[in-house]
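The structure under discussion appears below in the form of structure tokens.
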Amino acid sequence: MTTSAGFLTGLTEPQRGQLLALAETVRFPSGARIFDEGELAERFWIAEEGSVALDVHVPGQSPPIVETLGPGDLVGWSWLFPPYRWHLGARTLSPVTARQFDAAAVRDRCARDPDFGHALTCAVGSVIGRRLRGARARLLDLYGPPRGGGR
Amino acid sequence: MTHRGTRTVHVGALSRVEGEGELRLRVEQGRVTEARLRIYEPPRFFEAFLRGRTHREPPDITSRVCGICPVAYQLSACRAVEDACEVAVTGQLAALRRLLYCGEWIESQTLHIHLLHAPDFLGYPDAITMARDHRADVERGLRVKQAGNAIVALLGGRSIHPVNVQLGGFHRTPTRAELAPLAERLRRALDDALHTVTWAAGFDFPDAGCDDHLLALAEPGRYAIEAGTPTVMPAPRSARLPASSTRALPTSTFPVRDFERHVVERQLPHSTALYSSLDGHRHLTGPLARYAVSGRWLSPLAVEAALAGGLGDPRAGTVCRNPFRSILVRAVEVVYAIDEALRVIDAYEPPPAPAVPVPARPGRGHGATEAPRGLLYHRYDLDADGTVTEASLIPPTAQNQAAIEEHLRRVAQSRMDTGPEPDDEQLRHLCERAIRNHDPCISCSAHFLDLTVERH
Amino acid sequence: MTEPTRQAVMGPDGLEALRQALVRRGRTVVGPTVRDDAIVLAELTSASELPFGWGVEVEAGRYRLRRRSDRMAFAHSAGPQSWKKYLHPERVRQWTADRGPDGTLTVREEVDRPPAYAFLGVRPCDLSAIAVQDRVLVGGPHRDEAYRRRRTGAFLVVVECVEPGATCFCVSMGTGPAVHGGHDLALTEVDDERGHRFWVRAGSEAGAEVLAELPVRPADPTTVARAEEAVTRAAGRMGRTMPPVDLRDLMRDTLEAERWNDVAARCLTCGNCTMVCPTCYCTTTEDVTDLTGEHAERWRRWDVCYDLDFTHMHGGTVRRSGLSRYRQWLTHKIGTWHDQFGSSGCVGCGRCIVWCPVAIDITEEAHALHAEASGRDAEGAGAS
Amino acid sequence: MSGVDRRPTMAVWKFASCDGCQLTLLDCEDELLPLADQVRISYFLEATSAAGPGPYDLSLVDGSITTPADAERIRHIRDVSRYLVTIGACATAGGIQALRNFADVAEFRAAVYASPEYVETLADSTAISLNVPVDFELRGCPVDRGQLLEVITAHLAGRRPDISDHSVCFPCKRRGTVCLPVAKGVPCLGPVTHDGCGALCPAYGRGCYGCFGPSGSTNLPAFVPLLRRDGMSGLDVVRVLRTFNTAAPEFAAASSALAEAERPPEAGQRDATGEPGPGQDGAAPRHRWEDE
Amino acid sequence: MNVPQPYQVVGRDRETADTVTLTLEPVGDPLPAFRPGQFAMVYAFPRGEVPLSLSGTTPSGTGLTHTVRAVGPVTSALAGLRPGHHVGVRGPFGTPWDLAAARGGDLLLVAGGVGLAPLRPLLLRALDEPRDHRGVALVVGARTPADLLYRDQCDTWAQRAPVAVTVDRPEPGWTGNVGVVTTLLDRVPYQPRNTTAYLCGPEVMMRATARDLVHRGVPASRVFLSLERTMRCGTGHCGQCQLGPLLLCRDGPVVAWDRAEALLAVREL
């Protein structure tokens, strides 16, 4: 099991520098929508402060929250894989400061520098894996009422 | 609602009988033209699936025909298969069988007397309600019943579907020491059973009679239970319905092997039970028949009980033909069974082996015993390795069905004739009582009553 | 006051004298006797009820009583029952509880008064089994009082084993065939040209007192030599062995072995092995109520790790597969018992082998696990 | 009785059966009247003519479903019952009458009745739980009196009934009976049979014949060879598995596998242990209307 | 004497829809003092007994606090009790949370669902004795916000120590974290190598959390889990609570991960 102590810990120091060189710092007020399901994934973020909710649009409901992200977490990975469209939405639950990346530029960098590309892909893969494990754990409904016994 | 004309009265789901059936009466212009006991208890096909089983299996399998009288089924089956294999079970093993059967008589007859039948005479829907006013009587019945069950449980392992009976005898026979506490209990039950006779003698019995042929096993020297020869006491010739107490008529007998030549089963559309007749006549088996053909062989204590119960002296040939008074005959039979059980226990010596061998041989065997409700006949055809190739079971209630229907018709008619025409509810109540006189075992007959009265 | 006799020789009539001496002390004397085609344990109303001249032939899944050519009373291996039947009864009431009209709860501890037992004919393996149950039931911070009341002061007459069965392996477990203490009296049976007799030794003061009342003669060297020789010979005639390794390590290291699949395919999970085992002690509880619901009782009864309910939690059964339940039994018996109670739970009596209807053999399984582990080690060594 | 009757109501229902399991209630001689103080017996045809209206707190169901009308009736009973307990092998596993499931019911009917067309029946005899949801199943042919009382008293106290799923070997050993297969080579179904009787047959020197059906944990493929070792033929094993719990899934699977292996070249209809009939090929009961 | 001692319900707090906290005081002599992590066998007349961990402290010092979730007949009966009702109690049984192991270092408490209950007395003790430790942090996972135990108290604790809460399924209006409890292990401060962790919750959740913590550098011998198996006697005699070499009523319920890991890795052990 990998540590989840920040997305960037998956990269070496030089790679981290290379990636951060492509970033600009952005701020979102509380309650701002960062992106929405189905849009083209042109940017992504690494949260530095504040809390981001991943949500999904359901007609007639306020969007249910699938997971919340905090400082150090990668916000968005759909930009790395075709069709480059967000499969969830994201909005801020508090004022958020984040590093923002241009997806095309990062992909371009990956294409030109396979070592960097590999490292970044692994780091994103590890985040996806962790979220998948979390999703599965929640699917088990471990805290729910006991089942299967009967007797 | 009461009205003259034609109507159908329906008693759905008879209560305080064993099994499921309904009753239908058709009344046309004040005449009861038809009384039908419809058994809707679903068929279970015992005779079909006995085929292909080994000759050792019928006692356990046929036990499951009826949870009320499993011992009757087990022992009729044993007798029939042993007959086919030409083996006779005698001595202490036979005595133990009689003891086991006494247990079933005591518990089953007492169940009927106290829990099913007595509430009719005292005007309660059931024994539990009756116990609010007559707790001592109900408890006394439960004690006697428990003593009967104790016999079956000791000899058989458990009171319903006992496990210890096998062809040739038992799997394990008791020691004298094991029987001793039973005797102690039976002696107390005997006082209770005698008390029950005098209690029941105080009931108010409607005047009724029956003109059926009476069929029961007889075994000169003792009251037939687990063995005997089919014996017929014919219906009185008189055109008048006989009084409830009559004189014995000369009896005739036939061998068990000829049973199916005399007792013929036929099927009617309204019932899953089979009807049967005796040489073309309506006949009745059960306590009235047994008392008529074997009464003189009752033990002195049981004869005293009969006299105290107002049944007359069976040694002098008094026959009871009032179905309502069958409760008294049952109570006397319980006294007899307890008395007899004590006699067997007293004379008991453990046999050298728990069973005699019953090797398979091809042939046909017949067996009949007196179930609490009447004569129960089994017949098996075996092939060389003992496989059952054909089986026939004729339970008492199937034999009694025609007689029961006739009694119903008469009871209903008599009520119509002697007063204002009863409403449906009164008729239903009357019919249910009349049926309970016979303690019909519908599960057995599954092959049985909702009263539907058609009034046209 | 004279020093009580510590050893002696007595004839077979001494057994009845012994029984009577014990009865005079208010004891219920229990010993082996023949019933239902087996040598079972029952209260003895006469020493003549002992199985004189009876032996047994045993194999995995098979037990047959047979006549012996001699008069030996204790020349038979373990029967279907063990002393736990008396010391750790199959069902015991622990308390009764009543709720008063005001809702107050009154709980009364059940303090029964069991008989003072004397066990006549305890085999050395079974003596070890009693010691094992002592450690489990009264050796920890909490004591099982029902056991303690029965065990405290039970008088143990051990008979050393001179006729091991084909399923015996007490030598492997270090529990027999000779006795090594823990008894009140020890007997060794000899039947030869000089007659049928017993070499008797006292193992406690209580034993010495009883011995002093018996019709004995001084121990003669021949009898002692014959007796010792018979026990030594018995040690060499064990029908089974355990693999000569640390079984605790073996069990710990083979939890995922293939062999478990093999034995699981054969095991009926019927629980017979645990029921006949002289050390298996597991229990479950029953909370019973009367019809009014105002009176309740707590009972404890033998339970078995083969029962699905044994590991039933609100979410379901932990050990669902037959494999896991057989593995639990075996690894507990000869492995984790050490961790829990400081000794093996197996004494080598062979009962579980004999009384398993499908002839599963604990020693065979241990050997197979050992072979599998060794094979794996060898493979592992080759590969490196 | 003054005031409101707060006793829970109980109903007893009967389907195809021998009546023995409901009779067991009347056989509780010591407990019957005290029980009636605690529960109102609202519907129990065998014992009372007074039929109280539903719904019922506790329904005891005896018997199996064998007719179209009964299949309908049990659904109604489920609707009016808060807690439904099946009592006995018929209600819990289809009973001995489920032997028809392995045979041709039309032939069975013709064998017993001269005018089979009068008799309406389903091809299969099915357990109640295959027709409606069941809250608790009590085994046995017949049920054990003590267990029946335990189910009722536990229900009254809100306890879980103390009814074990383990094999007959447990109580057999607890009562100190010597094992019949091991000590005498007598075939015994104890190791695969559900406890409840307290190991009655072995105590009477007779091998268990499985009247409580399969235990919670069976291994029939490993067990059948033991019966063969103790002298039963393949057909004997089929017969012993096809008695009072013939349609219990574990027994049905083992008996069908064996029957297939043992099938004589010409399996006549007279062999009640012949080929599996309709209804055995799947878990779900198939109700077919035999009489139209 | 090992029979239930009568205790009287003196307090009852509803925590969630199916969970209540009972405060009990002895009717007669009190049982020996319970330490956080230990459990009692609590008897609900006439249904039976269940093991319940201590979930709090009482001012009297003789009382017991247990939080019980109604999942079966006995727990339902207990959850339905009212002040004045009697129960029977046996105990204390089992191993306590090893608080000494954390002396001078950080304490990290990770709770899942009703697993917060056995950790509460440990937390309260740690908060009461701040000089013994460097810091205390609490991480809590629950199914839904409505399933959170001790919600008001969580707010109070949060003023004294870092408290992070996450839920699997948010409800409208929930503004906190959503996700599994392990995602919070980065949101509270602790120095892994100098941390003692106490986990209580479903076994799957404890396994994942223990692995994550060890990966972060928390020594396996200082990750404590409260394990659960069937318990009948509490006294080490019934054999039902075995987990390999452990008798959980005696050697547990609190077990360190360096012992538990291999045991929990074997299926159906």
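Letters A, B, C, D and E mark the chains in the order given here, with residues in each chain numbered from 1 onward.
Methods note: contacts are C-beta pairs under 8 Å (C-beta built on N, C-alpha and C of every residue); 3 or more make two chains touch, one makes a residue touch a chain.
Here the structure is a predicted model, which is why all the values come from computation and not from measurement.
The chains that touch subunit A as well as subunit B do not exist here; no chain meets both. Least step count on the touch graph, subunit A to subunit E: 1. Looking at which of B-D and D-E shares more C-beta pairs in contact, the answer is the pair B-D.
Look at the CA centroids: the one farthest from the centroid of subunit A belongs to B. Averaging the CA coordinates per chain and comparing them to the mean over all protein CA atoms picks out D as nearest. Centroids built from CA atoms put subunit D at 38 Å from subunit C.
Chain centres here are Cα means. That of subunit B falls 53 Å from that of subunit C. Averaging C-alpha coordinates per chain places the centre of subunit A 58 Å away from that of subunit D.
Across the assembly, subunit E contributes residues 46-48, 71-72 that each touch 2 or more other chains.
Annotation for subunit A: residues touching 2 or more other chains are 146, 151. Multi-chain contact residues of subunit D, defined as those touching 2 or more other chains: 157, 159-160, 205. Those residues of subunit E that touch subunit A in the complex are listed here as 18, 71, 112-114, 141-143, 147, 166, 168-170, 172, 174-180, 182-183, 185-187, 201-202, 204-205, 208, 211-212, 215-216. Residues 1-6, 27, 43, 45-49, 71-72, 84-88, 228-230, 232-233, 235-240, 242, 244-247, 250-251, 266-269 of subunit E are the ones touching subunit C in the complex.
Across the complex, subunit C meets subunit D through its residues 35-38, 40, 61-65, 80-81, 85, 90-91, 265-272, 275-276, 286-293, 296, 301-302, 304, 306-309, 322, 325, 354-355, 357-358. Here subunit D touches subunit E in the complex through residues 157-160, going by the rule given at the top.
Taken in their complex, subunit A has these residues touching subunit E: 1-6, 51, 53, 61-62, 64-68, 70, 72, 93, 130, 133-134, 137-138, 140-146.
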